[in-house]
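Worksheet: the structure to be examined is printed underneath.
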Amino acid sequence: ADVKLGLAAALTGPAAKYGVAIKNGFSLAADEVNAAGGVNGNKLLLVIEDEQGKKEEAINVFKKLIFKDKALLVFGPTLSNSAFAADPIANAAKVVAFGTSNTADGITAMGPFTFRNSVMEADVLPVTTRAAVKHFGIKKVAIIYGNDDAFTKSGYDVFKGTLADQKIPVTTTEAYAKGDVDFKAQLTKIKASNPDAIVCSCLTEEAANIILQTRALGMKQPFIGGNGLNSPKLFDIAKGAGDDTIMGSPWSSENLTPANKAFIAAYKAKFGSDPDQFAAQAYDALHVVAAALKKIKLSGALDKDRIALQQALPAVTIDGATGKFAFRKAPPVTGKEVGYDAQQEAIVNIAKGGKFILLK
Amino acid sequence: MLQLKNISKNFGGLQVLQDVNFNVPQGGIFGLIGPNGAGKTTVFNLITGLLRASGGAIEFDGADIGKVAPHKITERGIARTFQNIRVFKEMTLLENVVVGMHDHMHYGFGSLLFNLGGFRRIEAQARERALELLSWVRLDHKAGMLADSLSYGEQRKLEFARALATKPKLLLLDEPVAGMNPAEKTELMTEILNIKQRGFSIFMIEHDMRFVMGLCDRIAVLNFGRIIAEGSPDQIKNNQEVIEAYLGKEDAE
Amino acid sequence: MLEQQLINALSLGSVYALFALGFTLVFGVLGVINLSHGAIFMLGSYAALLLVEHLALPLWLAMLAAMLVSGLIGLLVDYLVLKPLRARNAPHLAPMIATIGVATILTSLAQGLFGAENKRFPVGTIPEDSYNWGHLHVTAVQIGIVVISFVLMLVLLAVMRRTQLGRALRAIAESPKAAYLLGINVEGLFYLTSFAAAALGGAAGVLVGLSFNAITPFMGQPMLHKGIAVIILGGMGDIRGAMIAGLFLGFAEVLTVAYISSDFRDAVGFGLLFLILLVKPSGMFGKVLERKA
Amino acid sequence: MIELFTNLGFIDWWDGFWSTYNTVIFGLGVNAMLALSIYVTLSCGLLSLANAAFMGIGAYAASLISMQTGLPFPVALAIGGALPALVALIIGIPTLRLSGVYLAMATLGFGEVVRVIVLNMDITGGPLGLNGIPLKTEWWHIVLLLAATLYILARIRRSKIGRAFEAIKEDEVAARLMGVNVAGYKLLAFVIGAAIAGVAGGLNAHYTFTIGPGNYAFENAVEILTMAVFGGTSTLIGPTIGGMVLTLLPEALRDFNSYRAVVNGLILVLVILYLPKGIWDPRRIRAWVNAFSRRKAQAGGNN
Amino acid sequence: MTAEMNTNATPILQVHDLAVSYGHIEAVKGIDLALNEGEITALVGANGAGKSTTLLAISGLLKPARGQVLLNQQGQQQDLIRLSPHKIVQSGIVQVAEGRATLTTLSVAENLALGAYTRKDKAQIAQDLDWVYSLFPVLQRRKDGLAGNLSGGEQQMLAIGRALMAKPRVLLLDEPSMGLAPLLVQEIFRIVQEINRTGLTILLVEQNVRQALRIAQHGYVLENGKIVLADSGVNLLHNPKVLEAYLGG
């Protein structure tokens, strides 16, 4: 029988650029698995729903996937913001919620059924920061971040801690809100504080614009950011102005492992465009689940199977597009069972000529 | 019962009333006349608390009401009609009148919430009384219609009934017969006399001289914000200054 | 830094003002808070973008064409939605709610047609580097925005204050019935207003698209919020008020960031609005009729 | 035996259906309450857009109580209603002097201020909002509170308070001179609306697991208004229906996928165009009924 | 109807079988009126008889259920029913509506300027403005103030003045004397006669029945939406029915 896997992704709305990549990554992987005869003879069937990048929709979609479509597990949602809203439902229903792009702190603290293969900001940013500091000889930085989004805010918190740990003084901290387009006031202030680099906990749209406006103000500082910046979109908008931006991610197109090469080629063949981190993580996530499914025997009783899957998952390791992957139990929270984070090394990239390449 | 003492009012630089003094006696019908823009409506607005006087005092039944809020003034027993009709257009005639009884409907919140006897009795009485008031102005047959569907003149009558519903001691009428034809005016004159008989005091502004002279016991004349004459209808009719400023030579109607 | 911030404020304020001009015009004349103004603004931006990208039109021509396109969309919205509501004597909130529906439709259509992604004008559409005086940096778009906003505002102001057309528009604003009795072609002027307002919105869209490189189907929404604050601050329907209030908001936001904290930037607009209305219940420049009865 | 099977099938189906759609179903009641909360102020001629903020205050208050104290749910809900009412009382006094759109915008401004405060506070979780709010709302809570709201509002409507509201809506000056304490009644309407919105917020928070500052912003304020106007604001039935229909609509349109919002918007526009006074317009319905019975009578006469 | 209608005068405006309803209520039930060129025609009737409704229908602000409003344009009869209101004004029919329709947020001068909206003859407009100011000096004194701040009577003057600025061929006056002081009432009737003498056709709706019939060549009496009497002004003035019903005996 088919194994139904739910996917809640932001296919429309401002986060669609991530969501569509995610969807592509999943369908690519599912096709591969099915072409190879499925898992234990069962075909994988993706049930894809659009959660629009909104909390409320994420909740609705999760419920639909879990209760109506009776999916064995649910991937997504795209944004951490939505994950905070939707994952508790999966936990309550004892269904695995598997995030492939949620990087905020505390996602997996929501319960034992929360999994993610996206690497937490808390793991990525310290590495990124250290590399950037070394590369540019940075003494002090300014921060700009979106203060009304779970992901950008949580990224900011991590940056703040990291910078304190690494003893890099912060000249000024500036915030913006979703949908803002004019950052000149904040940037002028940053300019006056004269930092060596600008740390940006942002989603791509804002980041690109921030970078452009920084340059228009005659500032030359490089940017440091997290996976929010990791989209070709950044360069569509910012063009060359984005150069020298340093970004940490578990995936890079230049990471020439066989698995990654195969992934990139297959993706290009299927969709005619270059993949990105989010496609890669989605692609890997499906393979992780496929590996877990191989290990269990589906009984047909949904409740049991769901739990079986949850129990099988933590032990899975694969060598995927993002490299070697394993799960790691999330940091404990008193009085609560927790889920599983990704155990993966971040790769630090630098933007050159309109794309991210490995920082050597 | 109502005393205006040295009332003055200005809007920005425009002096609209200056040292206006007069008394409206209890029980009678008092008239205020004067050319357009003399400040008559402004006097009403001051009395009913919609405007604050720039100087002077207004006393009603011996108490100063110069700073009392409009709804409190109504509570004290002054009601009015408006020159530019202000009925509640989207409400039925009956409801319009019942709104006027607002202050006199005493039931507790509990009674309201659980539709207790007190609530029902008071509401029923109010409706009954409203119908009666509407019948005074011959609108009872339209009681259930929306006020919006009334013609101009009918709306005036509705305002009249609504004002009476507040059980005023003093009724202020701002041009009550504007827009009515002579027959209707005559009818309303009888009505007003009836009301006076029932113990209401009336203070009216009106440009229709036959009406004013026929009804009022006393008349004050306002011109450019000053009282230029006060007296009985006959005195006013023959006052040279009033004739020049207001009445005109030949009395046409 | 202050000088630079003042320049930032002036250009930001001009954007707000320009957006608010059309918005307040519609309110002033039609008495409708047209919540689709943001969507029309967005479409103006896309129109110019498409013309520049695909037809390689020069910018000034693309801008005029975009104004025409958005003007026509405004006209269409008026014809299909606002006019029937006028004819049916709809209660005053109905048109506003209907324009919410229109905004939803236009936004999601744009999303379907152009995608949800950020777009920008091709590099080189306008000179991108800034003019520098010492440490001051001003871009060509910034200058363009300020100049165009002021010119459009002055023209509109002159029309409203000095011409018979302007008087007629104000007459309609107060009472269409009275206007009809004066022989004013009320419906015609409603259309004209909707067209002109939308065209102004479109112009604002093009300028914002040019200066912020963030053309998205959703770009109208935040602008709409600011626009609402601006037209209220300025006194509903008051052209000059909208202009001044737009600038004022720009300065308030920028100076808040500069001297208080960027955390409060978004609260400033509505926070000020809240405070100012408490002191002046009809906005900074709104006139009140005092006459009560 | 067969019966038992079908019953089991039904129960199974029902379980799935209920678990999938209970948020939507709960949303029916909560949104009806929200639409009613704005109806109260509208019925008094106040266009107040603060209800989203009041809902938020109620939601945060109730959730924090549930999450951080051991107080029972009814207490949390009661405080969720009382706190916004108190806030309404305080801000109402200066704000309610405003009229029309100016009031709308001042209240919107108030909402924005509340949002930014919540965004910058620690106890509220800042932009992350509160997550993992215990699931305490049950269907009958909503039914009960919606019914209570409807009952109380219906009683008020038929009383001198309701008439005073209506008179104020039509003509403040005239109402004042009919002895109506206009400022007082406006404040009353504002406070009642805030309390209803607050309770609705508390209920909502306890079945959505999560709340955040973005849930009570501009769009939400406008959406609440939309529900009321869409349903029709001349009776209590209108907002109730409006809240429910607009909750169901997006769900019903799920099959339109990416054009769902287009269809949603289109329906909104069309309904307003053809029913400018909302879906539930008693006068129109009466007219239809009359026309229908007349036609029937005619048909009867012909026979 | 024994009226000896003035057969020399041609009707400039003819209302034929006009019926107007508000929802289910028929307020005007198929009436005929004829306004002779250069004459004053009075239309009288009780409150709610349908006078204002008739005028609004002629001006195109209410869409009648049936009937015609025919305007005589150089010998051609044009039916105005289908025209939109501003076209009707452009063809020379101007109304001073009940309740004045003052544009309260515009200044007095702007109100007057808008009266001349359909006109292009600038020089003549300026002259007419002076004339209106001379008729109503208070308007000149308050010309820059907001019209909404004028007293009731002042607004009435403004409304009439504004209509005169339109230089109409036919002037429809709905209770012009309402709310005016006695002196001014005289003045208004004098002005009505004066402008009538310049060739203007006037349809006068008045509650001041006596005065109205005194200056009107023709009069109609409207009752419950129907014309019940039509005669010359003088005759109506002495008609016992009219005396009883409208003049209070």
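In this document, chain identifiers A, B, C, D and E correspond to the written order of the chains, with residue numbering beginning at 1 in each.
Rule of thumb we're sticking to: contacts are C-beta pairs under 8 Å (C-beta built on N, C-alpha and C of every residue); 3 or more make two chains touch, one makes a residue touch a chain.
Every value quoted in this text rests on a predicted model; they were computed, and no experiment measured them.
What's the minimum number of touch steps needed to get from subunit A to subunit D?
Graph distance in the chain contact network comes out at 1.
From subunit E, which chain is the farthest off, judged by mean CA positions?
Of all the other chains, the one whose centre lies farthest from subunit E is A.
Hey, which pair has more contacts between C-betas, C-E or B-E?
When B-E is set beside C-E, the one with more contacts is B-E.
Averaging only over C-alpha atoms, locate the centres of subunit B and subunit E and give their separation in whole Å.
Taking the mean C-alpha position of each chain, the two centres sit 30 Å apart.
With centres defined as the mean C-alpha position, give me the subunit A-subunit C separation in Å.
Distance between chain centres, rounded to whole Å: 37 Å.
From the C-alpha centre of subunit A to that of subunit B, how far is it in Å?
74
Taking each chain's centre as the mean of its CA atoms, how far is subunit B from subunit D in angstrom?
From the centre of subunit B to the centre of subunit D is 42 Å.
What are the residues of subunit C that contact at least two other chains?
108, 111, 263, 266, 290, 292-293
Give the residues of subunit D that touch two or more other chains, as numbers and ranges in rising order.
Residues 119-120, 173, 258, 261 of subunit D each touch two or more of the other chains.
Give me the residue numbers in subunit B that touch at least two other chains, ranges are fine.
In subunit B, 11, 41, 48, 50, 82-84, 86 touch at least two other chains.
Can you name the residues of subunit E that touch subunit B in the complex?
Residues 22, 25, 44-49, 52, 98-99, 138, 149-154, 156-157, 175, 178-186, 207-211, 244-249 of subunit E touch subunit B in their complex.
Which residues of subunit C touch subunit D once you look at their complex with the stated criterion?
27, 33, 35, 81, 84-85, 88-91, 93-95, 97-98, 100-105, 107-109, 111-112, 225, 228-229, 232, 236, 263-264, 266-267, 269-274, 277-278, 281-283, 286, 292-293
Hey, which residues of subunit A end up touching subunit D in the complex?
The contact residues of subunit A facing subunit D are 11-12, 50, 55-56, 59-60, 63-64, 66-68, 70, 81, 84-85, 88-89, 92-93, 104, 106, 110, 147-150, 153-154.
Within their complex, state which residues of subunit D touch subunit C.
Residues of subunit D touching subunit C: 47, 94-95, 97-99, 101-102, 105-106, 108-113, 115-116, 119-120, 173, 218, 222, 225-226, 229-230, 233, 258-262, 264-269, 272-273, 276-277.
Can you check the complex and tell me which residues of subunit B touch subunit D?
Within the complex, subunit B contacts subunit D at residues 48, 50, 69-71, 73-75, 79-80, 82, 86-91, 95, 98-100, 102-103, 105, 107, 112-115, 119, 123, 162, 165-166.
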